[in-house]
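Per-chain numbering from 1; labels A, B, C and D assigned in written order.
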């Protein structure tokens, strides 16, 4: 176990397993309309496949987008996971446990692209760049505070106090890891709320750090299900 | 579209797609305890893998059993689907629609193994074999009734009445088809309630016809995840 | 148990229990923003209450609409319940069981306002009025078919065959009853898909019979949570 | 906003709203078996009511326990909420947001009854009392660490950095608040995993702090639904 704190500004998302393709959507929809497992003529014609998927999304036929599965390995700060785990439907989680093991001292510090200053009133916040002084202060203050917290954690562990008690000192900027499994429908719901995109029909105000995770997941998904992804964007990035 | 009714006594279950193995369970559990994607020594030792899966099931650590996916194509009578669709959590469905297409005249008639007579009081029913006369009566009465209902359906369709209106005449013994997607945890919950098995910790009283579907699904799952299946049986066939 | 079939064209919806008010939405939202159970100045000013609820719905803050509960007693044909039970999230059901009791011979026949004829192509169906001859045919054909089916059911029951076997002959036009419990968020999702309303942002194509149930539920809900109801209509009748 | 840290060892649970009684369970079960809203003779006879509820729980008829609702206001440390929010089914949450407001400096410190030392191997941990020195060390170390973290938070806020960025320094021992709504079934599932009770059929190993919250919720629920509560204990404290 490393005892020297380290600091990161990025997120980890790895697609570790999947059974997900546009064809799954077409097949499920075909059971509804044909009562058979058949792609018939539509599935063989890319334009018609695209049209069918677009129709399903537009008219909110959501269930055909559930017969698939993607498992991601994610590493991100606890404050990101706190928001992530509020997504209950169509999501499964296994997160690293601070009761079973000593947590490693890896902490989040915003990089220079992170807009640090919040303007406007609740519900309409905008973020603008911080000054160089603010960036320097954030870096130094967080690193100092993290290191101090982790030293307290270590001191308690070394005195024989249980991990689950000692961890109370650890900050929400600490990185944790998890397995997260979802389907295309639950992922679309997540992306619709946790990314800010000009194609979105309704505004969303995600915290930048969860959006960074969402963007990495989105890139993996776009590759697996390109027609569904295109239809999602064309229909206001709202889950069906 | 066939217009002559046909009669069946069996159920169809096909595993059409899956991403499900015992290794997925071990990997998810390892993220909880190690914070890493690693099987370490346990995953390489079959006995320890088996022990870990058994421990997870026994102590009700349910989430490691959710990071997998199985999609089944099922054909069964409507009265079976009516019970099936009451399983809400961890299940996705797309069923053949009687609004979009004319439903085919395929109907359920119990075979000679189906126990026809119910004895005892509510909550403690037992089923015993029917007499040859009862079997003959059930076969003849259902076939006549089904055929009469389907003729009414056809007559209405031919007169130009919408499918969704005409279908009101169709009986719950009509076969329907669906795509059903689940994970090992939701499947265990289903099997625990919809099969009757002497290894079960608590009694269950499934209708035989949904149990027939459940048994076919169980056989597919047992092949995909043998260690989890063994642990499920060893722990009273209760979902974690 | 009546043995003579009767026929209905309407649906029953009774609100049997509820803990649901606009104030619940405001209180839940205030925990998010104030960390306290307090309505503060907003809750005391009707215009600001209205504005806050509208903002929550518009920006898809869904969870404040879940801290409430409505339980309905519903009686409707089985084909309506088949569609109803596909709503899995935020819904609880207890339906009359054909395994535990003999089902009463009450059946659905469309009244004169029900448009019987479907025009157009899949996904764009429109319904137009049936001719007087079609209405007469539907009434007579369904009543005859229902009566025939119920006679088969009775014959099997009288011969000692179990209810769960005999019911296979019963049609999906048979009335069933259930308790259904939901919250405002899950009800909005249901109403958005199961009613056709000119204020809706995206089109929906519900079968008229489930829409009849939905309209009765909507009327009860509108009375309990008038500000939320108004905001739902003002924001395209889409659940947050 | 107070700027001086304060320290607590207890949890807050207030039942703010409910529509929950044993009668709701009986009524829902009666719809299943009678198809009517009627308590009939069973509901009028306390012994038979008790027997019916016990039967439902024992034979895993879970849905009758869902037609009720309880809303709790809870204040507890973030590490407790992290575990709490993993309960996805039948639970609704609204938690105080660190993006919308400055979080108050209230922190958790274990009291003298909290067993601080973990013994045994994973999956079989036992907790034993810490020494007076360990208790003193935990109190002093956590208070110092918390205060240091909060000072960093304040410094960042004062420099104009956004709340959502500055909060990264805050520890998981910080108190948060939430509204949590559940039904008797989802609450039983929670209690079965998050309390340690000698009447439990299968062992559970909750962290003491979430168990403190669970015990307070259990006390409220026991008062609202005494027959269900009794049956829960009599049947191994396992949710149906």
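As a convention for this text, a residue touches a chain if its C-beta (ideal position, glycine included) is under 8 Å from a C-beta of that chain, and two chains touch if they have at least 3 such contacts.
Everything quoted here is computed from the prediction, not taken from an experiment.
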Between the pairs A-B and A-D, the one where more C-beta pairs touch: A-D
Between chain B and chain A, distance of the C-alpha-averaged centres to the nearest whole Å: 33
Intercentroid distance (Cα basis), chain C paired with chain A, Å: 34
Cα-centroid distance, chain A relative to chain D, in whole angstrom: 26
Where chain D touches two or more other chains, by residue: 33, 63, 86, 89, 93, 100, 122
Category of the chain touch graph - line, ring, star, complete, other: complete
In the complex, chain B residues that touch chain D: 33, 55, 58-60, 63, 86, 89, 122-123, 192-193, 202-205
Touching residues (chain side chain C, partner chain D) in the complex: 14, 16-19, 24, 27-29, 31-37, 63-64, 66-69, 71, 73, 92-97, 100-101, 103-104, 176-179, 181, 183
Contact set on chain A toward chain D in their complex: 77-79, 81-82, 85-86, 88-89, 91, 93, 98-100, 107-108, 110, 114, 116-118, 122, 127, 130, 133-134, 137-138, 141-142, 144-146, 148-149, 152-153, 155-156, 159-165, 167-173, 207
